[in-house]
Amino acid sequence: MTTARLADVEFVVRSIARTCLANEKEFGELDAVVGDGDFGYSLARGFEIVDSGWDSFDRTDIGTFLQKIAVTITSRIGGTSGPIWGTAFLRAAAQVKGQTTLSGDDVVRMLRAAIEGIKQRGASDVGDKTLLDALVPTTDAIEAAIAAGAPAAGAPAADVLARAAAVAREAADATTTMQARRGRAAYTGERSIGSPDAGAVAVAVITERLAAEWATRAPAPA
Amino acid sequence: MTTARLADVEFVVRSIARTCLANEKEFGELDAVVGDGDFGYSLARGFEIVDSGWDSFDRTDIGTFLQKIAVTITSRIGGTSGPIWGTAFLRAAAQVKGQTTLSGDDVVRMLRAAIEGIKQRGASDVGDKTLLDALVPTTDAIEAAIAAGAPAAGAPAADVLARAAAVAREAADATTTMQARRGRAAYTGERSIGSPDAGAVAVAVITERLAAEWATRAPAPA
Amino acid sequence: MKKFVNEPKQFVPEMLQGIALANPDTLTYVPEFNLIMRKDAPREDKVSIVQGSGSGHEPAHVLTVGRGMLDGACPGDVFSAPPMDYVYETAKRLASPKGVLLLVNNYTGDRMAFEMASELAEAEGLAVRTLFIDDDVSVQDSTYTVGRRGVAGNFFVMKAVGAAAEEGADLDELVRVGEKVNSVTRTMGLALTPCTPPAKGSPLFELGEDEIEIGVGIHGEPGRRRGKLASADELLAEILEPVVADLPFSSGDRVALMINGLGGTPISELYLLYGRAHQQLADRGITVGRSYVGEYCTSLDMAGASVTLVRLDDEIERLLAAPAEIGVRIF
Amino acid sequence: MKKFVNEPKQFVPEMLQGIALANPDTLTYVPEFNLIMRKDAPREDKVSIVQGSGSGHEPAHVLTVGRGMLDGACPGDVFSAPPMDYVYETAKRLASPKGVLLLVNNYTGDRMAFEMASELAEAEGLAVRTLFIDDDVSVQDSTYTVGRRGVAGNFFVMKAVGAAAEEGADLDELVRVGEKVNSVTRTMGLALTPCTPPAKGSPLFELGEDEIEIGVGIHGEPGRRRGKLASADELLAEILEPVVADLPFSSGDRVALMINGLGGTPISELYLLYGRAHQQLADRGITVGRSYVGEYCTSLDMAGASVTLVRLDDEIERLLAAPAEIGVRIF
């Protein structure tokens, strides 16, 4: 089974960063519907440091690299997203301390750890109309695809990502009919029904971009 | 020649008061074009006291009556209009101290004294785009009509007023092309050109109403 | 009109009532004359300082009554000079053996009301002096107006004569001080939006989505010209340049710098402007000795700001720094 | 968007720069962490008081730093809780041997940032306590939220713990005082218009010409319901009633009454509201012992107001009356 390397992880992180930068306005507008509109701005301020300081992060191993990214995000992103996203990266990093390659199982373990971190930090769960409502089904889909034999990297990984993107989008759309129970949107009560959650949409947009660009990434040596 | 009595003067004053009350909004909007919009409000606050306290004014003679009205106006109307209109009424009153009837000449003398008072108080003159630009030609028209033999009161006085109203309206309209040189509108410089002066329009509206209602006033005993 | 108003005619009285209720220990309210006065005024040992002007400019002037500032303020209705009566009755109530100083922003209506009232008061034997304030540089050609308008710079005149009066200065001395401060004070404002007088119920003038009024008056009077919306730095330059050029203020000067909000602009923006103005002055070699940021003279809910500079000398700086306590306060 | 802004990303830093330049003798600015702190902090003999929260609420909290109030404030960007780092670095810089008290308005993001930061700080041996403020009564059903929001009533907690800290109270005592004040403080707000965050460039939500938002949050969060524009008295009742009913405040109570402007409403209207509220309370047998009118906790340029009541006892009243001096000031 092909394994993912630092270069693949770099690709994923940078792609997340650039997606957040490219969608600053859109994400902000989604948050403005029933939140306070700062979601896009907050993410962009953090990920712009990730992007501009790209070469400066310690790349000793994948765990270290992700931890440095996590610290940057935590210290630069304000609002709820700083602690939430920072915790997610931190917990994912902790799963792969010292590793220089990742198996498909590693990837799933990282995602699960990130999810647990978010739940803990946010006192939230699936069904609260947050990014968890996209992240959890997407992780389930990835896990299922990998269990079905798709490798963690290499050409077939594109198939895993394509499947994940479809699920993420569907899940993000499905938050539209939910009532917010966490974050600022929760204050709106029933008025939060009718528009998708900004964080969930962000997860979908990021996954879609990863799926679309995976093929064009600097190919990992066989 | 028929003469005007207290009842006629009362009719004129009350008609002025009610015209100002009825046109509060319109006068304010005219003042808002290049001024500060308070003209209608200011006049209305003063004349509403004149109207509501109507029976309380000393009616010993015409001069005394007008002086009481003048004091009320001066003390109740703010802005530029308080001193301007107050001075006008005060000077007019002073011309007919102790009189119980007015000749046509008395009326013209009162108007001239009012005009002089305004000029002095406002350091203004004809051509500055103020109420003077309606009041002076209107007074000229009244003087000419009286000199031509029309009586100061009685049915033919209606003709004098009709003539005056026509001149007042024409003069008020003519202020449209003038540039304001006094009052707040003067700060606008050339931008004051293109709309009529609020004070001049007020003079026209009042004169028109006097002309229209003169016939219906409580007829003075022969 | 989105405002907290009951009956528009009661707007000013209800506001004054609120001011009186919020300051029961220090202020007295005389409803007949829209008069807000210090509880301890008039004082035998102190000239009384009075300001009138229209309402809608709060805190000017009903909220600047207090120790070291005004002894009384008798505003007219929104944007209307007070009726002569208000001024006359106020002068009588505040008559001190040392006299009464009337501060008047230079507008036709205000001048007339104060001139008529002080004639009357003098005829009754009161010692009254009048001081006209005209700090607004936006009106350049004053051939056809009563001259420059009095705007936010008024605050510095009030503060200086208020402090001097507290020290026991006599009427002549106060007039000297006030005229001196006025002579070194310059202001210019800029509107981002019009204001809405309660009685009118709609905006006093119109500005397009990207239009601004440069040199706007505090009653919404037009200024020098319409301009285009631009960055804070550029907008600031539009009003700071003419103010600096007018006196002129020059390298080596020590100044008081005020960024005054016109009513609808939040203080976050005012502090942003303050920082940029401070820096632009530093670039010209002008040092800010005292700084003022907030609302001092507003135009109802107008979004916008004005810049005021005062050239300081030891005397002015000492008077501006003297303690004072007024109706508008934080604690 | 009609605002004084240069680059929106620089809005908060440029505002903070302005605050620092306007208060060179009393405040220090640490740009890396949006930190505004007292020049004389930390002091050995005094617990340091810190507040974070998002920007856009000025004077809260960067302008309430000063003697008798906060020792430091480290706001996030507009409406965003500060990054954890800011809080952590601020706590370190203000570490006094007597400890650091963190005041936190009760929002998810703020709670998280402060909790993470204080864990870190405690791990490094700092004595840190955190106090959550949640005075907003507009959110009734809090099953699905972190509970009530912290809004303008925050001022009273700051003022009381600030005064107690100045007197030398220790951390436990400050937590007791702060919790006590918070427990008798209730607020509700009302928006006439939405606000416009500089980075968004357009209004955060929409309100029809005659619509209002009753119970609005200071980040533009929806409140209890949309209502119709009405007279000042009726609008006031919409927010005063729920505040009175919540604690509840009852006949015989002595209270502090605050009418807080949300940013775009002029103080003339705020004083009008104050007068009416004072009277409506008197009608219920509730006496106003201390009054506060003006801007304390804003929502950028939102037109609207909030009402806060604090039930006074001798201790609270003494602490509220203690002298204080902060960045926002008149003279």
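Chains here go by letter, A, B, C and D, matching the order in which they are written, and residues are numbered from 1 within each.
The rule is simple: a contact is a pair of C-beta atoms (placed from the backbone, for glycine too) under 8 Å apart; a residue touches a chain by one contact, two chains touch by 3 or more.
Being a predicted model, the structure only gives us computed values, none of them experimental.
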Query - Graph distance between subunit A and subunit B, where chains that touch are linked - result: 3
Query raised in the report: Stepping chain to touching chain, what's the minimum from subunit A to subunit C?
Result: 2
Query raised in the report: By mean C-alpha coordinates, which chain is most distant from subunit C?
Result: A
Query raised in the report: What whole-number Å value describes the gap between the mean CA coordinates of subunit B and subunit C?
Result: 33
Query raised in the report: What whole-number Å value describes the gap between the mean CA coordinates of subunit B and subunit D?
Result: 55
**Report entry** Mean-CA-position distance for subunit D and subunit C (Å)
**Finding:** 29
Query raised in the report: Can you list the subunit C residues in contact with two or more other chains?
Result: none
Report summary line: Every chain pair meeting the touch definition is listed as A-D, B-C, C-D
**Report entry** Residues of subunit A that touch subunit D when the two form their complex
**Finding:** 28-29, 32, 34-38, 41-42, 45-46, 74-84, 86, 121-123, 128, 179-184, 186-189, 191
Query raised in the report: Touching subunit D in the complex: which residues of subunit C?
Result: 2-6, 11, 14-23, 55-56, 58-59, 63, 159, 192-193, 209, 212, 229, 231-233, 235-236, 263-276, 278-279, 288, 291-296, 298, 300-301, 303, 305, 320-321, 323-324, 326, 328-331
Report summary line: subunit B partner, complex, touching residues on subunit C are 9, 54, 76-86, 107-109, 112-113, 116, 139, 141, 144-146, 149, 197, 199-200, 204-205, 217, 219-223
